[in-house]
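My questions will all concern the structure given below.
When the chains are written out, they are named A, B, C and D in that same order, and each has its own residue count from 1.
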Amino acid sequence: MTQIKKIGLYTSGGDAPGMNAAIRAVVRTAKYYNIEVIGIRRGYEGMINGEFFPMDGKSVANIIQRGGTILKTARSEQFKTPEGRRLAYDQLMNHGIQGLVAIGGDGTFTGARIFGNEYDMPVVGLPGTIDNDLNGTDFTIGYDTAINTVIDAVDKIRDTAESHDRLFIVEVMGRDSGLIALRTGIASGAEAIIIPETNRDINALMDRLENGRKDKSSKIVMVAEGEDAGGAFEIGRQVKEKFPNYDTRVSILGHIQRGGKPSCMDRVLASRVGVAAVEALRDGHRNEMIGIVHNEISYTPFEHACKHHVEINANFLKIVEILSI
Amino acid sequence: MTQIKKIGLYTSGGDAPGMNAAIRAVVRTAKYYNIEVIGIRRGYEGMINGEFFPMDGKSVANIIQRGGTILKTARSEQFKTPEGRRLAYDQLMNHGIQGLVAIGGDGTFTGARIFGNEYDMPVVGLPGTIDNDLNGTDFTIGYDTAINTVIDAVDKIRDTAESHDRLFIVEVMGRDSGLIALRTGIASGAEAIIIPETNRDINALMDRLENGRKDKSSKIVMVAEGEDAGGAFEIGRQVKEKFPNYDTRVSILGHIQRGGKPSCMDRVLASRVGVAAVEALRDGHRNEMIGIVHNEISYTPFEHACKHHVEINANFLKIVEILSI
Amino acid sequence: MTQIKKIGLYTSGGDAPGMNAAIRAVVRTAKYYNIEVIGIRRGYEGMINGEFFPMDGKSVANIIQRGGTILKTARSEQFKTPEGRRLAYDQLMNHGIQGLVAIGGDGTFTGARIFGNEYDMPVVGLPGTIDNDLNGTDFTIGYDTAINTVIDAVDKIRDTAESHDRLFIVEVMGRDSGLIALRTGIASGAEAIIIPETNRDINALMDRLENGRKDKSSKIVMVAEGEDAGGAFEIGRQVKEKFPNYDTRVSILGHIQRGGKPSCMDRVLASRVGVAAVEALRDGHRNEMIGIVHNEISYTPFEHACKHHVEINANFLKIVEILSI
Amino acid sequence: MTQIKKIGLYTSGGDAPGMNAAIRAVVRTAKYYNIEVIGIRRGYEGMINGEFFPMDGKSVANIIQRGGTILKTARSEQFKTPEGRRLAYDQLMNHGIQGLVAIGGDGTFTGARIFGNEYDMPVVGLPGTIDNDLNGTDFTIGYDTAINTVIDAVDKIRDTAESHDRLFIVEVMGRDSGLIALRTGIASGAEAIIIPETNRDINALMDRLENGRKDKSSKIVMVAEGEDAGGAFEIGRQVKEKFPNYDTRVSILGHIQRGGKPSCMDRVLASRVGVAAVEALRDGHRNEMIGIVHNEISYTPFEHACKHHVEINANFLKIVEILSI
């Protein structure tokens, strides 16, 4: 096997806190193994357009604590076409790139998988998404930071809810899965959690709240929704209509969940998989996502990382029920 | 003058971080001067209903750092009627209360002023509102915390805006005045600020953004709105319609702005005016709000505290214009 | 098996963020299963002195987000004697307590184990310590919060270190193990980590720093030390003596690491094991610590939980070496 | 008067959060007025050594929220000599610099004053120091952030102090003045404050603590000390010796007070005086510090800004006494 001498690095899809820590780890590890790193800006879009630049140890100095991604990110329609991928491959060839590290989520790895099947280009992926919706890793980079951002916000909302005896419908991110809502619901002492996997019957929700502790003055209902906000507003509307005696408010936490300084665990996770990514390319891995399962580095083919829905731990829902009484 | 021996204390209107620090200061200072304090829950509503309880030094232990108000707050329609105020006065008489400390904003002081004119009950007020929209004090309790909460949130939004080259319309609280939007707009490096006092012409806004630095990848527009959110959505809708090439998002910060641990300055302000409130009642003050102007305790009749609109420092708008280029 | 109807609950040893979340979970779960909870203040000391009080759902309202422990904690010399334990047992009998939930670390469980062997009293333990030095759980309650507190502090120190081109020796807690130092060292981009398990040769340390990137202006050395601070001062003294050209400073983070709002993960962990603790007592468990291993509830005899030293993941040290180049 | 076309900008002395916001404001305002800005690294040391580089709007993008100073800072012995200042002046002349903006504190302005008297070089200063010990401005850039950092830390310490019924001696920065200790002492509910301006008699301190509320379980004593830590250790030693029944701990907050994201108020202050600095140089100001007094821009000759000691508001000490009962 020829030793890899030059790799490309990009972030793609929704940004997540800790992506910069992963970028730093990849660049520093590559340097350690005498591999050149070419940064690719704006994901697949930049790969097609040739937004390439060399990265050294200094270019990632003092970024471990920064939110966002210094490589920027974008969604690319063009890369979904064979022509787009051909252009991307030509750019990589022109720059002598022999392997790729992709940081992102579902869409990123789907693109990487197709590309890796079409062209002789090893690609390994790092799980960077706040949604924690990938198989093959206990946690994704950004999830821990996002859930801490959510509970900070809900702690604040609880302050004002308590002062006014209010019911708050709080909407958090999480696309098609309720993993953010579940843990943050438990951690912020929510009285109820509504996730895509569960029933959204308003009467059942209100029964649940009505039958809760009578002396609880404030109530928080955590709702999981995707990027297209609004579910919480609709729920709020129905609650107000059917239960006008509640002083009900809606709060959409929105994009604050994507930013901020990464948590310690996110930085450690990003650093560990970042080191492992470079070592994986050296060892001949390709078409795999590198995660951490049970505290050990784990390699999962892209199709498995994305294909299945991450299942909800049913115990979590029971815990909410028990603890909110 | 008969020495006051027992006072009532309540919070009213929207809650604000630092109200608990003010409550603590009033209770501890009263104890220092051998005055009993009766806590009144839920503002005027609780005054009418007799939600009274004695407070001692211990009942305010370890609350200086807590958001919200341990006395709870509410809005009272009944207190706006002569009958309601009569009931409230009777309750106060039954409990032997000789003076009141009211913590709140505009509505709180309007109620206090009318009540103080109708009945022989000295009332002094402490400015507790995140809006900073009172005359007679440089800052209101809660404003400093709220603006720090806003910039923390916008810093996070900036992270993701930078990563995606996006334009964000961020809506902050501030009722009829733009004081939260102004300082947080400067402090978060917003590219533009829209406040009630200024024109909301979308074309002018976009001209401004278009003519800004071409190499700026992210843009933040700060919009001031009241409790009824939505202004930012409408602005976002217009921007998306007229300028579809921008990747535009809307974020309503909402009620997180009301909660959280009070900042150092809010705690100091609350403590200082809390001490001064008790001393003012002892000295025969009534119908006045106690604030801090130019670092000195200041006494302002309720009608002056509320009557005039707080004026916008025009320099602030110019600063935004200069610094966002 | 007779169904348990009344249990005692206490925290002991060093406090840790998330203990309150665990207390809340135990109390609420007990209520769910119709079990009475008696809170015991100040750990074994309070058990001996009879500092008992009944707890209901309301007594744990709004504490999930609070640092410290509302049950207070203490170290007890008396409980180390047979006479002390006899007094404690008598108190428990007098109050009709049929089982105990102990929240704490090494010392807490050692006491519980001895007590549980001497008397017919089922005791289960919850791992509450910032040190993460227990077997039988992937993480202890408080560890995640503590490491986030550390990196927040070191991020601040990095700001000033960068501005002044300084070398900082930062001492973190961690008793006899370096688990706090390891993860926070990686997460704050430390140039070197000194833990009890590794050599403390100053010349080797300085070689390592000298041979690092020449263009790095600031350097952080993370040192693990126990409650008795001072190791970092001695290291700082030696560095200053041998390498006077470095602008060297020492910072002992100290007790801030024990406080603060618990992180999301600590709250979730505390909630899960708190629910499991009550269920374990109902199911006849005794003399076991309840932790989470690989995301599943796990039961570990007290002697195993405490006996062995938690081993250091050698990969972590290599990661620091690779990433600080 | 010839219009200024090129200015130099530097930070000097101890760094303070908000310096970057001030740098950004100076650079952007200069651009607005078509003035070139030359950044000078490492203060007077870099001025002597010619560490100059041109700054444009982009070079200050996204720094408003960063702690530290991107221009770095240093203390210069050489600049204290006429030869050093001559070298600095020659460098400025070689680069065509016609005016200087200095960001720093006491030492910075003393250097600027002497330099400005010796050479025909207009210098204006911006107050950048966490100590708030300058005349001519209500607050210095960095003070508000530092006091918030302190109370965040002391809130954490309070959590653990409460859990263990401990007495903590907490040392904060503040050089020769107690302004950080005073406000943070009030804001964190400290039971006593020891500042350079007051007596440090340990017996008096303990009397005060002993005579405080008997039911208070934790006690915080806030001690103001300069960069040379240690005062708190000595006080702690004496307390432990004379009052062994107290469980006493010492915590030196140290350099975390210098870093971190600047608060909203610090960013606004830095932005306002940064804009004013450029306008002042255009208007012919020199040898003046630009601050904000009573919410208006204020110009103070360097000798007045530094000469007098900032006086302690005696009311603050009384407030601590009243509120800690």
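Operating definition for what follows: contacts are C-beta pairs under 8 Å (C-beta built on N, C-alpha and C of every residue); 3 or more make two chains touch, one makes a residue touch a chain.
Bear in mind the structure is a predicted one, so any value in this text is a computation, not a measurement.
Q: Quick one: point me to the chain whose Cα centre is farthest from that of subunit C.
A: With centres defined by C-alpha atoms, farthest from subunit C sits B.
Q: Where the CA atoms of subunit B average out and where those of subunit C average out, how many Å apart are those spots?
A: 39
Q: Please report how many Å separate the Cα centroid of subunit C from that of subunit D, as a whole number.
A: Averaging C-alpha atoms per chain gives centres 35 Å apart.
Q: Once you find the CA centre of subunit A and the CA centre of subunit C, what distance in Å lies between them?
A: For subunit A versus subunit C, the centre distance works out to 28 Å.
Q: Two-or-more-chain contact residues of subunit A, please, as numbers and ranges.
A: Where subunit A meets two or more other chains at a single residue, that happens at 155, 158, 162.
Q: Name the shape of the chain contact graph, picking from line, ring, star, complete and other.
A: Graph shape here is a ring: one loop, exactly two partners per chain.
Q: For this structure, enumerate the chain pairs that meet the touch criterion.
A: A-B, A-C, B-D, C-D
Q: Would you tell me which residues of subunit A are touching subunit C in their complex?
A: Touching subunit C: residues 21, 24-25, 28-29, 31-32, 57-58, 61-62, 64-65, 138, 144, 147-148, 150-152, 155, 158, 162, 183-184, 186-189, 213, 215-216, 261, 263-265, 267-268, 271-272, 275, 294-295, 313, 315, 319, 322-325 of subunit A.
Q: Quick check on the complex: what are the subunit C residues that touch subunit D?
A: By the definition above, subunit C touches subunit D via 11, 15, 17, 19, 66-69, 72-74, 149, 153, 155-165, 168, 217, 249, 251-256, 258-260.
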